[in-house]
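Two complexes come next, and they have one chain in common, chain A, joined by chain B in the first and chain C in the second.
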Partner chain A sequence: MEYRKIIEKLEEAALHPSKTVTNTIKSTGKSAIGCFPIYTPEEIIYAAGYVPVGMWGGTTTLQLADKYLQSFCCSIMRSNMEYGMKGAYNMLEAVILPTFCDTLKCICENWKVGVPNIPIIPIVYPQNRTLECGYVYMLDEFKRVKVEIERLSGKKIEEKDIEAAFDIYEEYRVTMREFVEIVADYPQIIKTKSRHLIIKAGQFLDKGEYTKDIKAIIDGLKVEEKQTFKGTKIIATGLMSEPVELLEIFDENQIAIVGDDLAQESRQWRTVTRDDEVDVWNKMTSRVADQRGDTFFYEYMKSRGENLIDMVKEKSADGIVVFMMKFCDPEEYDYPIYKKEVEAAGIPMLYLEIDQQITSYEQLRTRIQSFSEMLISREA
Partner chain B sequence: MEQKILTSKELLNDLVDKHYEGALRAKAEGKPVVWATSICPQELLETMDLVTVYPENHAAAIGAKKEALKFIEHAEGMGYSSDICSYARVNMGYVDLKHSDELNIPMPDLIFCCSNICNTVIKWYENLAKELNIPLIMFDMPFNHTYEVPEHSVKYMRGQIEYAIEQLEIFTNKKFDYDKFGEVMERSNRTCEWWKKATDWAKVIPSPLNGFDMFNYMAMIVCMRGNADGERLFKLWHDELEQKAKLGKGPWNSADEEYRVMWDGIACWPHLSTTFKTLKKYGINMVTSTYPESWNVRYEKNDLDGMARAYASNYANRNLDYDTENVVKLIQDFKLDGIVYHSNRSCKLMDFRQYEVQRRVTEITSCPSVVFDGDQTDPRSFSAAQYETRIQALLEMMEKNKEAKRRG
Partner chain C sequence: MYLGIDIGSSSSKAVILNEDNEIVGISVKNLGTGTKAYKEVITDVMQQANIEDKDIKYTVVTGYGRITFEDADKQITEITCHATGVGYYLDDVRTIVDIGGQDSKVIKLNEKGQVENFVMNEKCAAGTGRFLEVMARVLGCGLDELSNLATKATKQVAISSVCTVFAESEVISRLSAGESIENVARGSHIAIAKRIMGMCNRVGYTPKVVMTGGVALNADMVQVLSTELGCEIEVLPNCQAIGALGAAILARRTYNKLEA
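What follows is the complex of A and B.
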């Protein structure tokens, strides 16, 4: 398939998660397990013969979730609860949920009663992941989850299965790193909205198949001529850059995302797996231990601001856009710290407060426009 | 010379002054100061003779003294969202302003954080260490989605205790004294026991304890569990309550206890008086909350695994089955007529489980309850009118039950 057609296919897949997941189940002949944000050991799920699929909320009318959650709860989690209660996730065999924040802990408990037909497998990621005891705890958690998934499937996961699954995921991660690099060189071909949708599609497809598509896109792009980009370039940070209507405003203003620090995107794959780990469990665990500048992992002297500044320099970006998901505590705590560092470095930054149920974009449009104008005038 | 015999309230006030003055003096003398979370393994700090203050206590005091808004608005100006914990906003504002007209604490040299109360403190304290460029000791206590604390969690926490000891040795440049540690453990357990026994006197009808007093004593169970003053205070408080109970005295001199309720969640510090008086006006005594158990941190001396398990077993770190059981037990033990649930805008961990706990508890016990909107320190998130309406609704339900009981 011509690479532009693949792009269209993936965009379409990302815009209709429910349909895409149903198709994936049909085409692979596998059952699906839903993965709550932020990280889950998808390799274990994959090794057990399931397709792991992402659960990043969505735009929906919130009614049922109010039984459990007050209005000041993160909209991704409210949407997930709503979808679960509505039956929109009934195609899932189970869900896996990491307790990264206080809200996720509560969702874990509420899910057990609110969506009793879909079993939940909780996983706790250690915050002291660089200490030996935290490292061992992570290993133990991964192995506990393995047993829970085996119980669900009634089938033992062999070492070779997990190794094969890890290889598929590793290839996915390496490919995605290359993809976000190359996309930065072709902002005219892959615009901001498209970039996001292509990446997001991976949440609902079999990673083995999806990686092939991404490779084809990369190959397709490589033969294209690089053109001078007249717009502005930014680094995106936050949980996710949705709703997509927001990205349409970026495209209208010729703003390209040339690098990201988004939980739904590069934070998933930017940490390079250690070469010296032979055992697959240690590879998975060390990836957690090595993750830096990530709001969901404790890090003494937080390096997020520094990382953002480095990304801006490396990509010759014009500024940073903060996609602040309203009511996301961890992200909200990080902001004042990196804001200070980014400002001290003289880098322009736009703060956008978002949630998944935004209905009016006018105010955001004005702010994005003015930011873009400001960046252009700085360049001039 | 004859020494005046202090009441526990006088002793409490003296100790509060001593605590803050002592910390400020220590800082002035060049001694290091630690900032720590409210239910952290303070035994380690006490063993090392480290002067420790608790930002949550400080923020609560600032809130009660009606000075919180100044710091909250300052923190919001620094970029802190108005949706995050107001204790954190007060504290981050204080870190920048460095002065309160009501109550000052010394700036820290070491941060000591324990996530058994929430993950929020991880982010808050991480920011403190970064802003102040000082060392941080982090205790990560994994959330217990199972009823019991899992063994691999205990192992992880024990490892962290051992690592914290190493970090403290480096920080203080002295060896950790394990004999003293054992003594501190013993004393901490005794103090916690006195705290629990004192608050348990509220089981008597009428309760000799006015639950809002418990909120005041709570500051000391946070910061004095491991020292002789704390033990003395809670023993004295216990003895007074025992005596009152034996004399059949209720919570107040000016009114009788008509109804007994539990308060779920943190107090509304800036509106302490309004929340208290509204209840008292209707003869409603808050006799308990989840707090007596929160600081009933008990384990065997020198048992590090037991210590880890005890700290990780805090109510906020447990699953809904435990939370429900806990409240049901309080209803039975304290013969409650109702529950007041504080939907505390600051505390997502408590809020997002509250509706389900309320439903289950109602189903099991039929105990009437109401939810009101408030905040622990942000005075803007509370409406006295809504609070009063909710309390009146609770009163009606409780009265109906009483009437039914009277009629048999």
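What follows is the complex of A and C.
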């Protein structure tokens, strides 16, 4: 298939998650397990013969979720709870939930009561993940989740299955790192909204098949001529860059995302697996231990600001855009720390407060357009 | 001739500049986007300048209604336009406080008068002109009477809620408890000033500070905000039409750039 057709296919897949997941279940002949954000060990799910499916909320009218998650809770989690209670996730065999924040911790119990038909498997990540005790705990926790999934499927997951699944995911991560690099060189072809949708589609498709599509897009882009981009280039940070209508405003103003620190995007694959690890469980655990600059992993020397500044320099970006999902406590706690560092480095930064139920975009439009005008006037 | 139009949420403004950069037409109507007021201000400035449509070389539209206005050559945000409009009068401004009908903005300028950073109020009406409209209605006075009433205040009455809806209930409670209208009017100004102060701190304000937008016509509000910020705030001539003036200046600049 011509690479532009693949782009269209993936965009469509990301815009209709429910339909896409149903099709994936049908085409692979596998059942699906939902993965709450973020860092769910998808390799274990994949090794067990399930398709891991991302659960990143969506735009829906909140009618039932308020019973458990009030308006001051994370917008993504409210949508997930609503979808669960409305039956939109009924195609899932189970869900796995990492308890990174207070809202996620609460959901674990709320889900059992509110969505009793879909079993929930929690996974607890250690804060002291760089200490040996934290490392050992993480490794044990991955193995506990494996046993829980085995119990669900009634089949043992062999070591070779985990290794094969890890290899597929490793190939996915390497490919995605290459994808975000090359996309930065072709903002005229893959615009901001398209970039996001292509990446998001991977949440609902079999990773093996999806990686092949991304490779085809990369190959297609490589033969295209690089053109001078007249717009502005930014680095995106936060949980996710949705709703997509927001990204349409970026495209209208010729703003390209040339690099990201988004939980839904590059944070999933940017940490490189250690070369010297042989055992697959150690490979998975060390990827957690080696994460840097992530809101959800405790780090004594907060390196997020430094990482963002480095990305701006490396990509010759004009500024940073913060996608602050309402009301993500960990992200909000991080903001004043990196804001100070980014400002000290003289890098313009736009703060956008977003949620998944936005219906009016005019004020956000003014902010985004003003930021673009500000960046252009600085260049002039 | 160059036309700048600012279609705000609660008022429409237009300015015409001539080739010598002089204002030859300026008009303000207190009806905003969704109404026909923009047509009235355009007709008004054309008559003032004694010109016809064909004499307009370039038009820039700004404000909340800029997206739906189709007759302009270019649309630019009110943040850029206010920064440009302020530069018409003063070149040493570092902070602009623009309180409009629906939005409040604090704009930080660099030494060239360019936008260096900005903050806007969040989606609610706290700290905007709409807040004052609601307060005026509850107090049973006109919006233009609030300032005079507030200057007669004898003590500070705290309106603790920043939410316009809750503040309305709070004001009614205050009045029921026997507080004077004058004291409550001042209290509502203080409530806005504290909200704006928070935005100023976020953006990192420095003098010279000017205030634009319709609320700048409220002298007591300006005074209260000056006290809160700890520095004198200047109010420019035609403060309500600064955005439209900026749009006209940008129309002139853009046209000259295209012609060059």
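A few notes on this one:
Quick note on the criterion: the second predicted complex is superposed on the first by the 380 of 380 C-alpha atoms of A that agree within 3 Å, B and C clash if a C-alpha of one lies under 4 Å from a C-alpha of the other, contacts with A are read in each partner's own complex, and residues count from 1 in each chain.
In the analysis below, a residue touches a chain if its C-beta (ideal position, glycine included) is under 8 Å from a C-beta of that chain, and two chains touch if they have at least 3 such contacts.
The structure presented is a predicted model; accordingly, all values stated were derived computationally and were not measured.
Looking at the shared chain after the overlay, A:307 reaches neither chain B nor chain C. By the document's definition of touching, of the two partners only chain B reaches A:100; chain C does not.
In the superposition on chain A, A:348 makes contact with chain C only, while chain B stays out of contact range.
Of the two partner chains placed around the shared chain by superposition, neither chain B nor chain C is touched by A:80. In the superposition on chain A, A:378 contacts chain C only, with no contact to chain B.
By the document's definition of touching, of the two partners only chain C reaches A:367; chain B does not. Using the contact criterion defined above for the overlaid structures, shared-chain residue A:271 touches neither chain B nor chain C, since it reaches no partner. Contact comparison for chain A: of chain B and chain C, B touches the greater number of residues. Taken together, the two structures place no residue of chain A in contact with chain B in one case and with chain C in the other. By the touch rule above, chain B contacts chain A in their complex via residues 78-81, 83-85, 88, 92, 115, 118-120, 122-124, 126-127, 129-131, 136, 138, 140, 142-143, 145, 152-153, 155-156, 158-160, 162-163, 319-320, 343, 345, 348-349, 351-353, 355-356.
By the touch rule above, chain A contacts chain B in their complex via residues 67-70, 72-73, 99-103, 105-110, 112-113, 122, 124, 126-128, 131-134, 136-137, 140-141, 144, 295, 298-302, 324, 326-327, 329-330, 332-337, 339-340. On the chain A side of its complex with chain C, the touching residues are 348, 353, 360, 362-363, 365-367, 369-370, 373-374, 377-378.
Taken in their complex, chain C has these residues touching chain A: 64, 67, 76-80, 103, 114-118, 120, 122-123.
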